[in-house]
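The same chain A turns up in both complexes below, where it pairs with chain B and then with chain C.
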Partner chain A sequence: MNRKRTFLFGLLASLSVFTSGCWSERQLNEIAMVAAIGIDRTEAGQYEASYQFFNPANIAGGLQGGGGGQSPPVSVYTATGDTIMEVHGNMSRKISREPYYSHTNLVVVSEELAQKDGIGPVLEAFDRGSQFRVTTAVVIAREVKAKDLITTLTALDKVPSQKIMQTLESTEKAMGENINIDLEEIITALVSPGREPMISGFTVKGDPKEGAKQESLQATDLPMTVEANGNAIFKNGKLAGWIDGADARAVLWILDRIQSTTVTTEWEGRKDGISYRLARQKTNVSAEMKNGKPHISVHVHMEGDIGEVIVPVNLKDPKTLEKIERDVGEEVKRNIESSLHYTQKIKADIFGFGEVFHRDEPAEWKKIEKKWEDEIFPNLDVDVTVESYIRRTGLRNNSYLSEMKNK
Partner chain B sequence: MSPFFKGKKNADQNKPVDPMPGAITSSLQDNLAWVKQKFGNSPDIIIRELKIGSSKVKAAVIYVQGLVDNQLLNDFLIESLMQYDSSSQDETRTQMLDNLSDLVIPMGGVKEETEWSKLFESLLVGATLIIIDGTDKALTVASTQGGESRSISEPTTQNVIRGSRESFTENLSTNISMVRRIIRTPDLWVESMKIGTQTNTNVSIMYLNNVVDHDVVKEVKKRLKRIKIDSILESGYIEQLIEDQPASPFPQIYHTERPDVIAGNLLEGRVAIFVNGTPFVLLVPVVFIQFFQTPDDYYFRFDIASATRLLRIFIFFISLIGPAAYIAATTYHQEMIPTHLLLIIAAQRESVPFPAVIEALIMELAFEVLREAGLRLPKAIGSTVSIVGGLVIGQAAVQAGIVSPPMVIVVAITAIASFATPSFAVAISVRLLRFAFMGLAAAFGFFGIIVGLIMLTVHLCGLRSFGVPYMAPLGPYRPVESGDTVIRAPWWAAKKRPGLFSPNNVKREAGSQMPAPPQPRTIKSESTEKGNQNES
Partner chain C sequence: MENAKISPRQLFVLIILFQLGSSLLIPVGLTAKQDAWLAVLGGMVGGLLLFLLYYKVGSYYPGLVPTEYMAKIWGPFFGKIFAFLYVLYLFYLAARVLRDYGEMLVIFAYPETPLFIVNLLWMVLVVYTVRKGIETLARTGEILFVVVSILALTSLLLLVLNGSIDTKNLQPVLEEGPVTLIKAIGESVFFPFGEIVVFTMIYPYLNQLKKAKRVGLYALLFSGFVLSVTMAVNLSVLGFSLLSRSNFPLLSTIQTINVAEFLERLDVFFMIGVVIGGFFKITIFFYVAVMGATSLFKVKESSHLVFPLGFITLFLSVGIASNFSEHIQEGLDIVPLYLHLPFQVIFPLLLLVSVVLKNRKKQKKQLAMK
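So, the complex of A and B:
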């Protein structure tokens, strides 16, 4: 009896293997892997989404990819719809395979769409879908269509989306003037009452029509380039302005995201006479109530080396070094205050001061939460202190420039 | 042949062998006739008739050609029989037989027998019978045993880099003596029995009396006695007839052809089962982790031994779920593969006409066919197979676009991994299970693999080998004994024998055995001081 029961159980168990029919199975040659999605706004107010699909054979090369050099590494298909899901549906009319989003690492939203409709509704489907990763990077197409960023081919990195992502990563690391922010961070910032998101902008220099052709890659100096270009500031989910250069770096400084950068300072009347290469920094932001008013303190501690001097400086003198340290600190402080001034005008708290205040003074926050963005943040007292140190002067003490002058 | 359907019970009754006159008679003529009839006049049964002594008593020497040592037989037995001259003329035939046994035959193992069954039995293991006319007794001389047998050679299945180079032979007594030479203590006990109604195979069990768990010995004997079968041709017969769970794909009895492995395991309290006619000796009880141990582990330093032990466990998992993981990842969980790697795999798979699981099955089957062919072929042709196979599997299949290169890599790694498993017994069970895992991966993805692994773990934890849990000392966790599992503890730390096998005698070594430099570390410096100072 027992034997019979075991046999029946085994039979049923094996049936479950054979009858389930591999329902969620996807063979690799039945899916189209989406590399990036660019979303524009049509005249009618619909979404126009451009999907950048990988062409595996043209990227991987190898035995089968004999003609790899001739055809482009990605193909772009565009579909429209009122919602992202509708776009997804319409896309199936144009391509033979099922779009697969797990390896999508970039979403481009056009400036126009971000201004008019806001970024919130666009991202919902991506946040909800199980295939989509919340670590996907998001950028704003500045002064061009999102589709242009998607279609432009790039050198070095064969896949344009990867080029954009890696550019973003490396420029944030090297200069700190662009923020590399992913889907999840954006959504967190969107829902937080004490913070607004800041998203990097990208643009195409040159003719995007040319850039979409494989032949354009034959030149050493490409006719068009995809570049990081400023950061978009959002207010209430809508694009409210752009912040560039040193001002943008100051924002990242307050957010404590700066890993390395170069600060230049004037020396003996010569603009940018000394370049200070940041090695490490730590920024603390704290909040308190002062005289019944919210007060934010930003404290920057930075260490670095002398990167370049273009005027003769006596770097052997500790007093000189102290002065450079002070000057560099003041330069950073000026940057921070300038960017504060700008964002206070736009009334967008991209620094997350509200969140800091919420953490440090939870009881007071309850009272002012509602009027933070529009009344309190624009008139906020922010106290910036910068502590800067020079640890090394590179391989040299005094520059050879000093000796040239003595001659 | 599973008796799943009831009512088909085989009538399995031993047919009584044809009647035999129970004992030897006093007529030599009748006796010899009976022997001839019984053996059907087989020409290799040699009956040498001779006359003994001055009274010319008729006698016969009977032996089986090839089973006896001819030189021994001629020089000592027959010659001394012929030179025998009885001192007293009136000795009876029975006295004569006694005299032969006591005074004449210069050999050991002489015994008087009357029963035909006993006589035939000893005749067939190489003893010589001496029958004298007029007595109803016969002499058996057991020590004439001999004949051709393979000499001790290097092991073919369990090669070591360091360690003894000898392996067992087909001869039971040689095998037992090889272990005796390693463990020289009277506590090494051997018990013998015959199994097989036709083959009458000698089977011996060996254990260390002061270490072994006597319940296990009792159980081994009980299971061996239960066997009623016509033949035992190899220890595999015994293995399959006494194992605990015949439905399990995992071996529950260890086999080896190395005397040092047997010695090491006897010292841990296991029982060895020797079977005549095979160099493979069985060991019970076993635990799963034993199949990942090699003799080298104990001869090399413990850190290296532990590292290779870990590697083997890793290898076990590769050979078990290698292709399954590839199938699952490429058909269900593409998000798990790094983007660029996925693109490479996708590019290669673009032109492959089959789903990944079919592709894997084709490659695995092709490999199994090649392996099987390689095993059976003579060495000279073997290399041809590997060249052709390498071309078919590696080159042509990929160029034809029937399989993708990543699949070739996966199958090749898996194949090599399965060869790297030290125990062939586990390697073949894993080979079988690999296909089951591939099926599960194809139907359910990683979910299926995990379910399969859970079922496998449950099954392994449920197994027993002669009362010892199969996964011990990991399954029921026994910290003291886990020094010889995934890692191999240094010898100076292995103070106890595994209590699972030798509950009575667990102490293995004295207190602090850890080596250390001499405390005043002066030996070296003194010698350098005295040494030649003029070097500069």
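So, the complex of A and C:
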């Protein structure tokens, strides 16, 4: 009996050692949380990674005092290496704590790196590691170093990475000219033979040197701003070109990612005379073989309201509305065709037409899979049809502009 | 055999937790690519047939476990050799599953902890449960089944709310042709459905023996359905390419959840669900192996064997492969062909043929005597 008790006691005592999770414990003051990572390419072809670390005390202090703390909410450290793991190691020479990646929600890759080495090798360590999340957003630093995006401080959102994330999200929702794409989606597009990734670009307007200083935040009109700026198109994992404005929006349209946007159309000779506010849309892409050739059909169905008119229009007349509907549809169709033309020229199927074809015509796909990107896609027949409806005209019917004209 | 009884409902729950255990962790039927979920359904049908086979053999010797009736069918010498092989097979499977779960915990949560320590902790729990007996395990199952169900339904709801389910990823259907699908079905028959063979050691505990057939069939149907839905959800969230690159696809699926900016990083849902499933899978394999050894060597108290055999299983689990990839590769290439096929199909079939022939002889004799 006594022996049994001793045994049980020993067992329990050993359990308390093993199950309490103390094996590889890390105290909060031993880790530094990484908010964002920016990766540049050095002259020698190495990675130069800038880590944006949270300064927890300064973030919390600012919220309470509201006086704009003396030191910035984040600190940036930079290290170089041939691989991301080597960078991680070299980082330990500069920072007293261990980088902790579970809260990293942004990776910035520089334009140069994406062009020269491609984006594929950079992302592998992030995909494999268990601390890193697959939902991390990725953006490309356009015309600036990735480090500039990482160091520039921002107002409203204290943490710069947070600002980039939220800008991306809100601009995709409101305008649809930038794509908010995460690590997992990029990798899926990279490996798919029928699709190439498109990644949002960001840039710093103003002097990045100023942007890195806390004092710059004392102004109401900041000397520098971080802005979404176009989308990078990839081909075989390497940056092949940029797509901006209405063309970029057309890509999101085909991908069925547009949530709301404004389409402007000419009216009686006046450019952008009427603004059409999109309320909802649904885009279907289908593929088939026509006369022995692959054929893609894009069908857009959209509904919206009149958002603004800058010329007198008789909006009470259903016939006029019908004409506006037609014009808006034409405008969207033109946008889509223009972006198609551009991407076909650089042979990058960012629309995922290949995947659609794979789904709809699996037997034919097997035959053309290998030559899709370089031979089929650039000469692909795409049939675009747009159905647009105006449902209502806001709080007013005719604009006061009509009466001003009659005065 | 210990002196215990379990109810049909408890048996139902045990079979489901056992079936879902490692198949939620390790994907099934991937040869069929985006049709894996169909392969799982096909595998389930194969599993139902195997179950009927085991049931038929067992029905000739109600109340006896295979290690006992093998000796009656094939005589004491051959019967015992085969029974011994079965016991080894069960120990090996117990060690395999233990390794699966140990590796999962090390890869995902405890990168710096040695595998041996993680497996040791599993084994402490398993040995304790097996000493307590099948009744305790069955009652635990009833409680934890509710927990697993709640977790599964919540995750599914969140995935739908999140909009991450894209059924386009399931198309095109039957791209690789029926031959590949049949091959994939063949694989999923053995794992996980054919592993129901271990329950032949547990049916005798059922307090209403008549219901064994119905309970087994229903439990297999239910778990096949759940597995197929899980597979379809994994495929439609991740797409085949990412799924095939993931060591634990369900984890990747759950990691995509991000509802309303705060319901995210629900990895713990996966951990709880999978650890519960793993607990039942390892415990049932180990329990059945210990019971087999007990009846084979006529040991009076099965609890005498639990500790030493637990240690053997623990060391076996660490020793069977030198790394995770080797372990998974063995499970996909070697185990189904050289272990599952004979132990799940060939031997039971031989048993059935022998027992039917034997009974016919008996009947003839009885007729002749009259």
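Simple rule for what comes next: the second predicted complex is superposed on the first by the 382 of 407 C-alpha atoms of A that agree within 3 Å, B and C clash if a C-alpha of one lies under 4 Å from a C-alpha of the other, contacts with A are read in each partner's own complex, and residues count from 1 in each chain.
Criterion: contacts are C-beta pairs under 8 Å (C-beta built on N, C-alpha and C of every residue); 3 or more make two chains touch, one makes a residue touch a chain.
None of the values given here were measured: they were computed from a predicted structure.
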{"item": "First, second, both or neither for A:24, with chain B first and chain C second", "value": "both"}
{"item": "If touched residues of chain A are counted for chain B and for chain C, the larger one", "value": "B"}
{"item": "Touching partner for A:263 - first (chain B), second (chain C), both, neither", "value": "neither"}
{"item": "Partner chain(s) touched by A:274 [first = chain B, second = chain C, both, neither]", "value": "neither"}
{"item": "Touching partner for A:224 - first (chain B), second (chain C), both, neither", "value": "neither"}
{"item": "Partner chain in contact with A:33 - chain B first, chain C second, else both or neither", "value": "first"}
{"item": "Which of chain B and chain C A:139 touches, first, second, both or neither", "value": "neither"}
{"item": "Which of chain B and chain C A:7 touches, first, second, both or neither", "value": "first"}
{"item": "Touching both chain C and chain B, counted on chain A across the two superposed complexes", "value": "18, 24, 133"}
{"item": "Touching residues on chain A, where the partner in the complex is chain C", "value": "11, 15, 18-19, 23-24, 130, 133-135, 184, 187-188, 191-192, 358-360, 362"}
{"item": "Residues of chain C that touch chain A when the two form their complex", "value": "107-113, 117, 120-121, 124, 168, 171-172, 175, 238-239, 241-242, 252, 255-256, 258, 264-265"}
{"item": "Chain A partner contacts - residues on chain B that touch it in the complex", "value": "4, 330-332, 334-335, 339-340, 342-352, 355-356, 398-399, 401, 405, 439-440, 442-445, 448"}
{"item": "Touching residues on chain A, where the partner in the complex is chain B", "value": "3-4, 7, 17-18, 20, 22, 24-29, 31, 33, 54, 56-57, 59-65, 100, 102-103, 105, 131, 133, 162"}
